[in-house]
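Labels run A, B and C following the written order; every chain starts at residue 1.
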Amino acid sequence: MKYTVINTPLHNIDGVAKVTGRATYTFDVKLPGMLYGKILRSPYPHARILNIDTSKAERLIGVKAVVTGKDTLGIKQGIWRRYPELCDEEILAREKVRYIGEPVAAVAAVDEDTAEEALDLIEVEYEPLPAVFDPMEAIKEGAPQIHEGVERNINVTRHIEWGNVDEAFKEADYIREDWFKCSGQAHVCMETHCAVSSYTPDGKLTVWTSTQSPYYIQVLLAWALGLRENDVRVISRYVGGGFGSKFELDSAQFCSALLSMKLCRPVKIVLTREEEFTATKRRTPMYYYVRTGVKKDGTFVARETRVFTDGGAYTSMGATALYLTGFFHSFPYKWPNYRYDGYRVYTNTMPSSAMRGFGAPQAIFVSESQIDMIAEDLGIDPIEIRRRNAMTPDHEIPGQATIRSCGLVECLDKIDDWIKSRGELPPNRGIGVAAYGFMSGGIFNWFNTPYAFSAAMVKINIDGKVDLYIGAQDIGQGSNTTLAMICAEELGVRLEDVRVHTADTDIAPVDLGAWGSRETLMAGNAVKMAAADAKRQLLEFAAAKMGPNIVYDLDIKDRWVYIVARPERRISYFEVVKDAIRGRDGQPIIGRGHYTPHRKGMVSPAYSFGVQAVEVEVDPETGKIKLINAVTAHDCGQVINPLGVHGQLEGAIAMAAGYGFTEHLPMEEGKILNPNLVDYKILRAGDMPETEVFEVESYEPEGPFGAKEAGEGLTNPTAGALANAVAKAVGVRITELPITSEKVLKALKEKGEGKKAD
Amino acid sequence: MKEGTMAEMHRLKIRVNGEDYELYVKPKTLLVEVIRDHLGLTGTKRGCNSGACGACTVILNGMAVKSCSVLALQADGAEVLTVEGLAKGSELHPLQKAFLDHGAYQCGFCTSGMLMSAKALLDENPSPTKEEIKEGIHGNLCRCTGYNSIVRAIAAVAEGKYEEAER
Amino acid sequence: MIKDFRYLRPQDLQEALGMLTEHAGEAKVICGGQSLLILMRQGLVAPEYLIDIKHLEELSYIRPNEDGLRIGATTTHRALEKSKELAERYPIIPEMEETLASIQTRNWGTIGGNLSHADPAGDPAPVLIALGAKVKLAKADGTREMALEDFFLDYFETALEEDELLVEISVPPVPARTGVAFEKFTIIGCDMGIVSATVRVTLDEGGRAAEARVVLGGAAPTPLRAKGAEEVLVGEDLREELLEEAGRKASEECEPISDIHASEGYRRELVRVLTKRMLRKAWQRAAQG
C-alpha cells in the first residue's frame, strides 16, 4: 500500500515554534494582575494537623491570600472515579498528612520571594504519628494505619489467572523460584508541574497547566472545587514532558485554582525541582516473587507470581500499575497456565503512580531476567527459549485478550542476526536480550467517562485548508504531527494542509489524554473516521462532477480526486472543495469521528511487540557498567510518523537504561535523599550507547492504517536486557534495581572473581 | 540585609541579540531573570535550581553559560545571544534547520539550551568529532530524545550540509 | 531563594581587599559564582555584601616560567583546559579540567573559586596538591603563602580568614622523569567524582621511584595525601605487588563516608583500584619522559 503522507520523514508541525523559542509553555504564561503562589508542605511522614495559624503570613505585605484544607470542600478525589473507595486524596490535607511533602497550606503573593517568605510565617501544629515506610512492614498486623478503615494498609489487590497452575507445575521438568526488587523512578520532566489559574467573577475558571490530559484535569478540578464541569476550561498547548506524571490533579493546579477562586485574580504556581522530586508521584517500587516451571526443552508450562507494590500515601494510578504489571508479566509469551496476585500497600511515602511503561518495565525486568536464568540453567540459547514460547498473531490469552497482529518472531530473528554479526566479544563484554509486548491504550474505564475515549472533528475550508480538532495531547511525543498525518493521508491532502486545534477543553473534543500509549491507535482511529466522513462528503460532489461508471470508486490522494481504476482521470481536490461548499449552501465540510474500543476484552485493543539487545562492558575491578550498543527490533504495526517513532525509541532507551542502572529514589524515614539533578542521575549525551532500530512490519486491523503504539512499550525491555548483559559479561546476576556498579562489584567479590583486598 | 534597609538598584548595560538595553536591577537578579522577565525573551527556560540541567544556557561573550548561575550584574557590558537571536527573521539558523530535519527535539523544553550549546561548540570548533559533540552538550539534560538525534543534527551542520543564511 | 545583598564592584585587587577588610564577617567574595550561587539559593549563605571580583583581569593569568607556573585565582577552568602552555608543560591540568562539570560551568567558574569552596570531591585540589602547589592568600595589609595541602581544613572549610582572599596558585617546575595521572570514578560520565586518585611519580636514573605523591579526592573531609601509599613506593622498582600494596595502603588510610552513591567500603575499594591504576599510568608516563 503506497502512502503519500504516513511513514514519510516529515517535520514535526510544532517544530518551528520549538526551535525558535516561540513555544509558550505554562512555565512562560504571564497574565495581567497575576500573583505567584507557593505551597507549604508537611515535614512529617505521618501526622495529625492540630492547628494552622496563617495570621502572620496574611499580614506580610504583598501577601494576598492564604488557604488551607479548611478552605476546600474536603473532597477526597482520585482518578479511579469508578471506585469511590480508591478516591482518597484531598491534595490540600485537612486532618492528617501521610507523606513528607503533602500540601497543608498555600499562599498567593505579588512575587515568588514574598510567597516563599510567607510560608515561613505559617505556623502549623502537628501531632506526629508512627509512620511506616516499607510495604512489607506496612502489611503486618499492628502497623500504623494510614487510611481509616483500610486494614493492614492493603489499598488494592489484583488477581489474574488462567489454566491450572498448581496441576501444571507437576508436569514441569524444571522449576525456578526467585525474588526481585524493582525500584521507583522519578519522571524528571524538564518542565516541572505548573499551573496558572484564573477565576473570573462570572464563575468561570480557566487553568493553563502542563498536563497530559486537559479533559481529566477539567473534570477533576470541577469535582474537587464544586464547579460545573464545563465552567472549567483547561489549556495546555505546549507541555515540557509528562511521562505519566501529569494526568492526575496535582498540587500546583489545585492550590492555584483555590487561591484564584478566593481572589478572583490569576495565580501561578510552578513547582521547584525539589518539589518535583519530593511532592509529585513516582514509578511504583515493587517486590516480586516468581515461580516458573518449564519443560527441559524450555517450553513454558506454568508461572505463579506474587507482587507487593509500595503504593505510597495515596491510590493515584497505582491500581492500574498493579494490574498491568501482572498482565504484562506474562508477555510476550504463550503461558498455558498463569497466576498473578498483586497487593498494593500504602506506606507513608510519596505516592507511586504512573510512569512510562506503567508497571510493565518492572514486570519485564523480572520475567526476562528469570527466563535468562532458566535458559542458562538448562543450556538453552536465550533467543531460542524465547522463540519457542513467543506469542504469534491471533493468539488468545484465555479470558483476557486476543492478540491480533504480532511480529514478535520476526523481531527475535532480527536480533538473533545482529547478535551473531557481533561475533566473539572481548572479555568483560556481554549482550543481553529482552522481549516485550505492550498495550495501545487501555480499555477498562476506571475514570468512568461517559464519553467516547477519543473524538475528532475535521473542517474543510474554501481554500482546502483542513482544521483538525482533537483532544489528544502532544506532550512531546509528536501526536499532533502523527494525527495530522493520519488526517492528511485519509483525506488525501498534504501535511501542510492540516491545522491542528487541541489542548483547550473549550474547543477540543474529549480525549482521555496522552498516557498508556493510546493516542496513535485511539485518537488515530477517531481522526481517520472524521477524515473519512469529510472525504465521503467531498466524493459525493466529485462523483456528480466526474460521472464515472457506477462500478468505479473514487478516492483522494495528494490533493487529487481520482478514479481508483483509472487514476489518470482526476480533478483537483481544491475544485471539489469549492463545489462541495457551494453545494451545501456555503457551509464548510465537517467530518466527525470517535473511537472507543469494543469487544476487545478489558485490557487493550492491540499490542506492540519488540526485542532489544543491549551490549555492555563491565569493569571487573570496579563493577562500572558502560553501555556500548542498544539494538531494537520492534513491531508497531504501520509506522505513521517515522521521525517520531525513532525519537521515541532513543528516548525510551535513555529513560529505561537509567531505570536499569543509574536512577533511584533512596529514602530515609520517608525522606527522599536525592531531590536534585546532581544526585539523581539521568543519562547525559555521553552515556548513551550506539542505537539501531529494525522495523518489523505488521498490520493491526484495529489500528488506523494498521498502526499500534510506539514509545511506551520501548521502555519495557532495557532494564532486563541490561541485567542479562551484565550476567553474560561477568557472570553475576543482580536481581535488585538499579544495577549499580557497587552491587556488581559486591556480586563479583562474592563469586570470588573480583580482586580481593590483600 | 539589615532590617529597614533595602538593596539598591544597579545599572546594567547589556546587548542581547544585537540590541542594546539599559536596565536597573537588584543585585541578586540572575541573568536568566533579566532575559526572561525583564526583556520578555522566554525562549530560554529554567528546569532546576542548581545549575544542573542547562535549559537556561545562553551565549555570553561567545561562551556558553548557564544563565541561572550568572549574576546579571556580572554581564554588565557583555554581549548575550539567546535562542531568539539565532534566526534572521524567517530564515532559520542552520542548527535550527538541522534540528527540524533530524527530529532533534520532542517536548522542546531543553531545545533552546541545546541550540545555544551547539552554536557555542561549532563557533569554537567547526569540525568536532562525535565525542566532542557529546561533550559539547554534556551540560544539557534532555529527558525525551536520548540525545542521539541531537548529536546527529549537530554533526550534519558541522559536515556543511546546511548553508549559513545570507546576512 | 537568594536574599538581597549589597553589591560591591572593586576596580582592582587592592580595593577588593580593602572592602573585604571593611566588611569582614558580613561579606562574601563572588567570582564565577558556580558554587556560591547554589549555596545562596538554598539559603545556606546569606551575606550582607557581595564583593564581585569576576572582572579583575589582574588576577586572571597563566604564567609558566623557569620557576614553575603561576595561575591567577580568577582564571576560568575553561582557560586552563584550553591553555597550550599547560598542555605542553603541565598536561595533567587540562586533562583534569576536561572532565570537570560541564563546559558552561567551566566557562564561567574559576580555579580560585573552586579551591575556596573546598568541596572534598572537587577535582582540581588533589591534582594541584600532587604537583606540589602553593597558594598565595592576600589581605589588605599583606600576603602569605602556604602549601595547598595545608589550605584545606575540613569539609568546605579552608584556612582563609574572613578578610583574606586567595589570589594565586603557584606550581613548582616539574622534575625530569616525572609522570602524573589522574582519574575520578563517576556513576555517569563527567559527573561529580565519587572518589579520585592523583599520582605523581618521579623516577631516578635507575628507573626507581625517587619521589611519589598519592592524593585522594572524595575520600576524606579534605583532599588527602596517602602518605602510607607514598612510603611504599619510594626507592622501589615498578612491579605488580608494589602497585597492589600501594593501593591497599591508600584504601586503608583514607576516611571516606557512606552516602546514597557509594558505601564506605565501596569507596575504599575504588580508592584501591584507582590508586593502583594511576600509579601504573604515572610510572609509565615518567618512564617515557
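Going forward, a residue touches a chain if its C-beta (ideal position, glycine included) is under 8 Å from a C-beta of that chain, and two chains touch if they have at least 3 such contacts.
Because the structure is predicted, anything quoted here is derived from the model rather than measured.
By number of C-beta pairs in contact, chains A-B lead all other pairings.
Centroid analysis (C-alpha atoms only) places A farthest from chain C. In whole angstrom, the spacing between the mean C-alpha positions of chain B and chain C is 29.
One simple way to say how far apart two chains are is to compare their mean CA positions; for chain A and chain C this gives 44 Å.
Residue numbers of chain C whose C-beta contacts span two or more other chains: 189-190.
Contact with two or more other chains is made by residues 678, 683-684, 686 of chain A. The multi-chain contact residues of chain B, meaning those touching 2 or more other chains, are 49-50, 135, 138, 140. Those residues of chain A whose C-beta lies close enough to touch chain C in the complex are 112-113, 116-117, 621-622, 624, 662, 666, 673-674, 678-679, 681, 683-684, 686-687, 740-742, 745-746, 755, 757-758. Interface of chain C with chain A (complex): residues 1, 185, 187-192, 244-245, 248, 251, 260-263, 266, 269-270, 272-273. Within the complex formed with chain B, the chain C residues making contact are 2-7, 9, 30, 33-34, 37-38, 40-41, 48, 50, 52, 54-55, 78, 98, 101-105, 107-108, 189-190.
Per the touch definition, chain B reaches chain A in the complex via residues 36, 41-50, 52-53, 55, 82-84, 86-87, 92, 96, 99-103, 105-112, 115, 131, 133-135, 137-138, 140-151. Those residues of chain A whose C-beta lies close enough to touch chain B in the complex are 9, 11-12, 14-25, 27-28, 187-192, 238-241, 243, 272-274, 475-478, 643-644, 646-655, 676-678, 682-686, 688, 691.
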